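Please go over the structures that come below.
First chain A sits with chain B, and in the next complex the same chain sits with chain C.
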Partner chain A sequence: MLRLPPIKLVAPTTVQAAAKAIATSDDNARLVAGGTDLWPNMKRRHQKADTVVSLMSIPDLDSIDSANANMRIGATATLANIIRDDKLRARFPAFAVAVASISSPPLRNMGTIGGNLCVDTRCTYYNQTEEWRRSIDYCLKEDGKICWVATKSPKCWAHTASDSAPILCALDAKVRLVSASARRELPLADMYVDDGIDYLAKQPDEILTEVLVPGSSDSDHCRSAFWKLRRRGSIDFSTLSVAAAVWTDDNDVVTRASMYLGAVGSAPMPVAEIDTVLVGNKMSEDGIAEIAHVAHKIARPMDNTDFAASWRGKMTVQYVTAVLREIAGLPQLRMRPRHRLKVV
Partner chain B sequence: MVKAISKLNDELADATESQLKIIGKPFRRVDGRAKVTGQTQFADDVQFPRTAYVKLVRSTVPHARIKNIDFSAALAMEGVLGTLIGEELPDKFGILPVSEDEHALAVDTVRFVGDALAAVAAVSEDIAHAAALAVEVEYEPLLTISSVEEALCTPEPQIHEYADDGNIHKKVSLKFGDVEAGMEQADIILEDNFFYEGSNHLALEQHSAIAFAEDDDRVTLYSSTQCPHYVHRALTKTLDIPASRIRVIACSNGGAFGGKSDPFNHEIVVAKLALKLGRPAKITLTREEVFYCHRGRHPVQMHLKTGFRKDGTMTAQHLRTTLDGGAYGSYGVASTYYTGALQTTTYKLPNYWFEGARAFTNKPPCGPKRGHGTPQPRFGFEVQLDKAAHRLGIDPAELRLRNLLEPNTITANWLQIGTIGLKECIEAVVRGSGWKERYGKLPEGRGLGLACSAYMTGAGLPIYWNHMPQSGVQIKLDRSGNVAVFCGETEIGQGSDSILAVVVAEVLGIDLKDIRLCVGDTDLTPVDLGSYSSRVTLMVGHAAKQAAERARDKIAEAVAEHMEVPKDSLVFANRTVFPADEPENAIEFSEAVVIAESRFGTLGTTGSYIPPRAPGRYRGAGVGPSPTYSYSASVLEVEVDPETGLYEVIKVWMAHDIGRALNPVLALGQIEGSIYMGLGEAVMEEQAFRRLPKRLSGALVHKMPSMLEYKSPGFHDMPEMTCYMIETDDEQGPYGAKEAGQGPLLPIMPALANAIFDAVGVRVDQVPIHPDFILKGLQAKKNGRDPRVGPTSFPDVDYGEPLIVHTPAQGGDGRAANDPKASKKGLRSASGTMKKREDALKEHSSATLTTD
Partner chain C sequence: MTESAIVGQWTAAPGAEEIVTGKARYCPDIQLPGLLCGKLLYSPHARARIRKLDVRKARNMPGVFAVITHADIPGENSYLYAEPDQPLLVVDEVRFQGDAVAAVAAVDERTADAALAAIEVEYQELPGIFDPLEAMQPGADQVVQGEDNVMMSQMYRAGDVEAAIASADVVIENTYRTQWAEQAFLEMEGGVGLVDDEGGITVYSSCQAPHRDRMQIARALAMPESMVRVITPYIGGAFGAKDEAHVQIHAGLLAHAAQRPVHLIRERRESMLTHVKRHPMIIDYTTAATKEGKLLAVKARVIADAGPYTNSTHEVLNKCGEFIGGPYKVENVEVEKIGVRTNNPITGAFRGFGAPQAAFVYESQMDDLARKLGMDPLAIRLLNGVETGTKMYTGVVIREGTAMKASLNKAAEMIEWEKRDQVERRPARHLRRGFGMATILKGSGLGRGLADHAGVVLEMHRDGSVVLQSGAADMGQGIVTVMAQLAAERLGIGMSSVRVVRADTAKSPDAGASCASRQAMVSGNAVLEAADTIRDTLLTMAAGKTKIARDRLDLKAGRLTVDGEPHELTVKDLALRAGIWGYPLHAESLVHFEYPTDVPDVTYRFSQEVFQFCTQIAQVLVDCETGQVTVERLIAVHDAGKMINPGGVYGQIEGGIAQGIGYALTEELIVKEGHTQNPSLENYVIPMAFDIPELEMEVLEIPEPLGAPLGAKGIAESPIIPTAPAIRNAIYDAIDKPLYELPMTAERVLPVPDAGSIRH
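Up next is the complex of A and B:
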């Protein structure tokens, strides 16, 4: 079977100690939480590390405070525990739906929210074994010179893979980052860079310690939805995801709106126009159609995951429409429940 | 859910049934408890001290000469025990005698990315892997051939020199009857191009093998294999030691589906390394390597032309196929014939012309997967029938009923057909699905599709020419009452162990727990050819029945003497033996054995089975014959979203003519498993490849050799199913049984395509059916163009002169009228089929025939 290369694993019990460990280790040190992304990548040798610093022995880093006005989730909270939290489910249903759509139950028992937000970008030329990548002489993202998805491209187009990122971005979430020398808080959306290689604005020695979701994003103030396009009913990564949040006043007039697309760019792609189109109006079929049209142009599906890329592009229109209809409380036209996700 | 087991011949069935004790009952499978409690030893569970772990060094280029292999960095690593290269195993092997084209490790040339060219052994798997990565190979690239089209226009360099023509491995052209005249009699002629993508078996267990040597010329191999006997032959060929000193033990397989029926290079390599290093050698493939072993479904292009009369009956069919074979022969010659051989087994087809060609390409070799070569043409045929039904205004179910073959006939291509339960199958699914009320009448987006099929119950001929039994069983009984049953069959999850045990238990009137099985061990068990071609229940069943009946006879003789009653009056039941009219005088079965052992000495019996000789005598007639054929019909309901093309299979109704269900639960598992696997191929599975832009790279790689990215449905993707078993009690089957493991897969793919047409009016003439295909069709429909998606052309292949074979209706004798090779002598008759055993024995002192 595929086996991990030998590594030095350290498991500090405080964030400070972990930050110190990562700062003082050699260049080739990495953080690990649940390991559901890092270990398979290291087995295939496209992510390498001599030292791995685990965050899983830090007590309380996995706590979830969903009763607080602003919800706080510790970085090592597992995906399974997130969807088990009743309060969280009630307040941020679309977030719960997104988390429940990630991989499969055993992987959600291990996978963490911090790991999910930092999860590596993906590409079918890259998520392959060392031997396979030798056969294509590697690619830009790791050890090679050419991007096989777009051979003239100077940049890597590997797609963002996190299913919690688009919805958390739409809900205005913030993250707290801690390094040995500093700590900062930044909007989650600002943590992402639209580049398949350097996809995070976070420094390698910065530890994501918590996610903060403002109370103004919960279901009392805002309606949100998340849809994910994938081949099978479980396991599969998104080949397109759409997350949106819409805030309205007492008269159903939109006061603020936010939308992000997943898996069709190297970062969650903001559909900024949603704000200009919707704000000041009630949600309408026309408005929804206009946003769907804009989103279609923003999405850049590439031939580096499942399904035909051009079809995934067309699906942006359908999925954006579906997400906004769900938020507006309009019936879905033809889409079967099959597309719909649920928290089991 | 089994809706019903319907009996065709109720009276007869009732009579037989009342006498049967275990057969026909849903008994628990004999290996069930061990499997669910983790006690079963799969090959990877077998451990020996001092084992050397082996890793194969695989080619990273698709086609090249090997210029140099540098092991220095690997050998410098601590813990590396040794290496192996192709020259150390110079003899070629291959499952079919006509295409022994594989070296255990490539000698001189590598033929696809993943082709093994060297092996390293180390004290741990980690070191072996690191060492394999450190081996440096220098290549001199050769032109890469990535498709049938490229193979056709690139005769040089040849991937194998023995090919029929350039890079076309095998060409077949067989013409039965007067196809031209048949086409002229037709009122309409339909002509279609179809494509069926290749797929992997995706057995959950990856291949694993471990070998140890005793002395320098005795070796034992444990392996996850469906065919220990063929592995034994391949080891004999390549290791250069006598067959009697090689022992192959087939472990329980964690699924196989045809993917473990070739002898494999890794099996030979560990056996050789065990001999070379003097310590056990073990290998377990990664999932990626399983995709390189492959032997999966051939990608097949088809051109199908069929003539129909207004009433829906068929006048003639001309089928052309191409198979993308990959880099080695494997079962490919048989696969090629199979893309044509079974077209005649369901409906009356008076005139039939089949042309097939298999190309060598620089990809992992294709071979047999559940349904071997027949799902592809069946897909084309059943979709075309649906089109014909629409053209002619006949209900698709009715059209099929009108064309049904008569039972006990010989087809145009000389296959002997026995019982046919297809009519009952069609009726069952038509009734179950509410076809008559609902077909064509469901709201836009909802649809029903129907398709049928037939499959063999065991290939009529062995893979290499010989006149020995295809299955053998030995029974040992002693005073303990324990009955040990020895048979070369292999359990691949389908339940063959249970069938072996239940037949013996049934005959001897004992409990399944009284039986100890010893299976799949070439040293200890009589030869059975293996778990392929749906042959085990029928052939092992017959052999076991014979051996058990002989044992019962022996015991009965002794007990009759002892009790002073007529032998025929004795009944074996409830672990006792008693005279029919004096059940109160019953003695324990073990006591009966004591009486027999005292009377005759040590007890043992054997049984064996050879299929009947098929009537075809032309070259190629060896592929297709079977003692009997199973039949299936399916209706599938689908819901399509016209906005996206995404669809969901809502429900499947499947009726299967199983002859007789020896264990309905096991049989149902096979039927449901077939539906599942069929849906995988219909909906998503693809053994797809990436060729990088030629100006930048020579790479040709498997697109996604992982279980995450090679999409195959999970159980949560399964629709609801209703299955019907139709019992026809075929006299060729043990207790009337036919196969159930492969046939029910076949109707699924065409039923889906037909259902999608009913739902949204789009014809998809290829599988898997991706949502974007449907959307494309819908777009075409909207724009007033032909709402059809699929291949628009068929390659220009020169299949050569057809062999002309007159059909039974034409008064033919089963021979070709124009075969120039028709005068060859030997056991293998000129026609390519086997001579009669008696004739063969007259000519040779022994009936054994080897391949060379």
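Up next is the complex of A and C:
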């Protein structure tokens, strides 16, 4: 059986104590929330730690305040509880769809929103057992000197794996980060770096304590959608995801728009052009086609997850089109991804 | 006999409650005092010479009780499913990633891991042979030095194929390719070995063939078989991959070396790298027919990638060739079967045993033929289908073949085949809907000329309770339930009065392997025979006691009955009397599968003669721009002969179809230069509940006359067989594009030809 290496586990009961614990322990300390990403990674030895600081004993860090104009979600709120929240589902439907598409019910019972936003980047050459990686030799991301996806590359191309990140970025979410010495708030999109290894601008000793989604992004103010491409109707990570939000005036003229692509870069990839193309016009098939074309160029699928990279590239066009058609209220040309928003 | 009280009823497995509440003990649950943790050191390379293998450091580590290499095996260093060419522990050259070089037993897992790490192995990597077509070329580097890479090359001919092709109105020729597929059982392979009081070896084994395991363990230990005992605990699935032995032999070797109990369980990655996969095949296939659609000839060349070792390649190819013509009347058949060694994963038994690859080909070809002739897929199948009394090209005469056409007609009726063009074929701009069918046959039993027998021991105690001992392994398929039902039915007692001892070679007679959809038939008959002996004693005694004619008496619901009416005497009363008066209520039986002697000219070796027929129809939705396929409906009509446990029959059908959908659309072991890229269920993609439609199933019960208890025949393999070709034909119907390679991934479905102008 794959087992954890010996570790020291601490479970402080306040954010301050946790921040102190992570700041004062050795270099090899890590935070854990639900552990659905960290523990499997440590079992396969591609993430290592001597000390692990758990956030799960901090009371109220898991609260969800969806009735407040600006929604606030505590970092350790579980994915299951997020989709159980009626108000949240009504106000931020695409966010709920994205969260409901993550992994499987047991993992959603454990997995948290903070963990999901900080989830490690992924690659088929990296998310393997120690023996497997050793048998072909380790890669850049952990312990090695070569990238097996692009053998001449000096950089790691592991892809962003979080399904809540693209939609929360599109909805202008912010995150609050707390360390022993400072606290700051930054736009979620600024927390990501397009690098497979150093994929977060957050410092290792900073704790993400909450996610803030502005009221101006709720369903009274904008329309949003999320589509995720994968082989099965559940459990699989995204091999491509598209999240978008569009704000319109009373005449259906677009006043703002925002779109992010998941799993086709090391960070959620913004499709900034969406704003210039759509704003000032009503949504149209032509506008949608233009954005799909732009998004296809931005997406950078690599052969490091399921499906052929070239095919995932082509699918960007189809999925961007589908998401924008959903937002525009146009009939769908294709079938929806099979996962369902099911509340249990 | 009167109407069944138990046979034919939905019956929970004995032990079902233990299974769902987690009390059932599987290999990993077995706890013994002083139990050591065993581990195997596997090769990181697909092919390499071992330059140095030094285990001294590992041996000297505290907490390490045994470290063994090939040099420490007292007996034969090989597996023996068929040929002894796969070493238990490699001597000088590793030939695939699943080869093991050493085994350790240590006080705990961590120490065992440390011991593995302390073993010094120096490999010299060698260029491997990975392409079966290249491996077949004369002069190709040999996978096993001194042995031809072509491990099997057999030609079977019936009739005159060339003449038939020359005279045909239409000839269709295609090349098909199939993938490596993984059984993906829940419980990984495991064994727990221990030294018994007499110095013999007992092994708990998660397996399909306990008696064959015993032989293999004894052979490796150079012990008489009488000193080896194999017990099957609960087993969490097998699907063919536990037919050949795995780590239970090493568990026995380690226990012997350490003189302590050792448990040895594979991890998922090890499991996926080491056990046999479904053979990938390249099949060239020619069909010749008249313009009316009558089949004239089938010609096939099947090339299977065997990996480095023989395992069951001969047998799998034999079955593939036997069914290559499908359930059709065709007299001229030529099939060449070629098995090739490579440094890829080993291949062998997996539910269907060569028949799924054959069916993908012959049923795809049937639709291609129907298209070419402008015929309806249903009509062309009915026109050519076999019937009762049909003599197959193999020489076998079908004893009961009604289900071939009955299943086609029933499935067509269920989906309203005739009206399928009235269904919306283009529900959205990029979506196309299609319908496809496939109908197949698959034999049950090992085949003519092979030892196909099973024995049971049955004993009724003074209180009327019964113990049934059988060597048939139950891997979850439900043979234990079926045997208990048959015994209970025949003895007029309740299911709770029958206890089936899980297969244990010290107690139960050999029942052969649980494979080839055979146990319900062979072991089922053995149970009936043994139960009838006891029943006879009880009824004879009852006749003596009541002075009522023997032929008016029966046993039912725990009582004696007279002309069907309950009598005051219970089965328990009779059992007690028998105990007191010294009538033995103990019976043993040994049943051989009897092949008919009135067919003198069976020309196909080891042919099977009881057939599972079935038809499946798929309705799919294809996205022309993304290539994604959704199975919207799946109709399945199967013939079980007679359902002993309907729950078990439907369970087999559901499970088989789920596996079939995976085989059709998503499952593929990706192997690059002998390295398996996806040895985990994270990226070896088996379908989840979301990916399987609500199945629409119908079971026919057409009693089987040949060697089948109460008319019941095997059902385990057929459900997986037609699914892939039915989906393939439905995709063809939807987008006008025939596919010739499995799995039919989105990447392969694309590009959709002329998506804008498809005929619907």
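Keep this in mind: the second predicted complex is superposed on the first by the 333 of 344 C-alpha atoms of A that agree within 3 Å, B and C clash if a C-alpha of one lies under 4 Å from a C-alpha of the other, contacts with A are read in each partner's own complex, and residues count from 1 in each chain.
Operating definition for what follows: a contact is a pair of C-beta atoms (placed from the backbone, for glycine too) under 8 Å apart; a residue touches a chain by one contact, two chains touch by 3 or more.
Small disclaimer: the values here were computed from a predicted structure and weren't measured.
Trainee: Tell me which partner A:146 touches in the superposition: chain B (first), chain C (second), both or neither.
Mentor: first
Trainee: Pick one for A:134: touches chain B only (first), chain C only (second), both, or neither.
Mentor: A:134 sits against chain B and chain C alike.
Trainee: Return first, second, both or neither, reflecting whether A:3 touches chain B, chain C, both chains, or no partner chain.
Mentor: So A:3 meets both chain B and chain C here.
Trainee: With both complexes superposed on chain A, which partner does A:331 reach: first (chain B), second (chain C), both or neither?
Mentor: Only chain C; A:331 stays clear of chain B.
Trainee: Common interface residues of chain A with chain B and chain C?
Mentor: On chain A, the overlap between the chain B and chain C contacts is residues 1-3, 124, 127-129, 131-132, 134-136, 231-236, 306-308, 311, 314-315, 318, 333-335, 338-339.
Trainee: Where on chain A does chain B make contact in their complex?
Mentor: Those residues of chain A that touch chain B are 1-3, 5-6, 124-125, 127-132, 134-137, 146, 148, 151, 231-236, 306-308, 310-311, 314-315, 318, 333-336, 338-339.
Trainee: Given the complex with chain A, which residues does chain B contribute to the contact?
Mentor: Touch list, chain B to chain A: 58, 60-61, 113, 125-126, 129-130, 133, 206, 284, 286-288, 445, 639, 641-646, 648, 684, 690, 692-693, 696-697, 699, 701-706, 708-709, 711, 713-714, 716-717, 770-772, 775.
Trainee: Can you list the residues on chain A that touch chain C in the complex?
Mentor: Checking each residue of chain A against chain C gives 1-3, 124, 127-129, 131-132, 134-136, 231-236, 306-308, 311, 314-315, 318, 331-335, 338-340.
Trainee: Going by the contact rule at the top, pick out the chain C residues touching chain A in the complex.
Mentor: Spelled out, the residues of chain C in touch with chain A are 42, 44-45, 97, 109-110, 265, 267, 269, 428-431, 621, 623, 625-628, 630, 666, 675, 677-680, 682-683, 685, 687-691, 745-747, 750.
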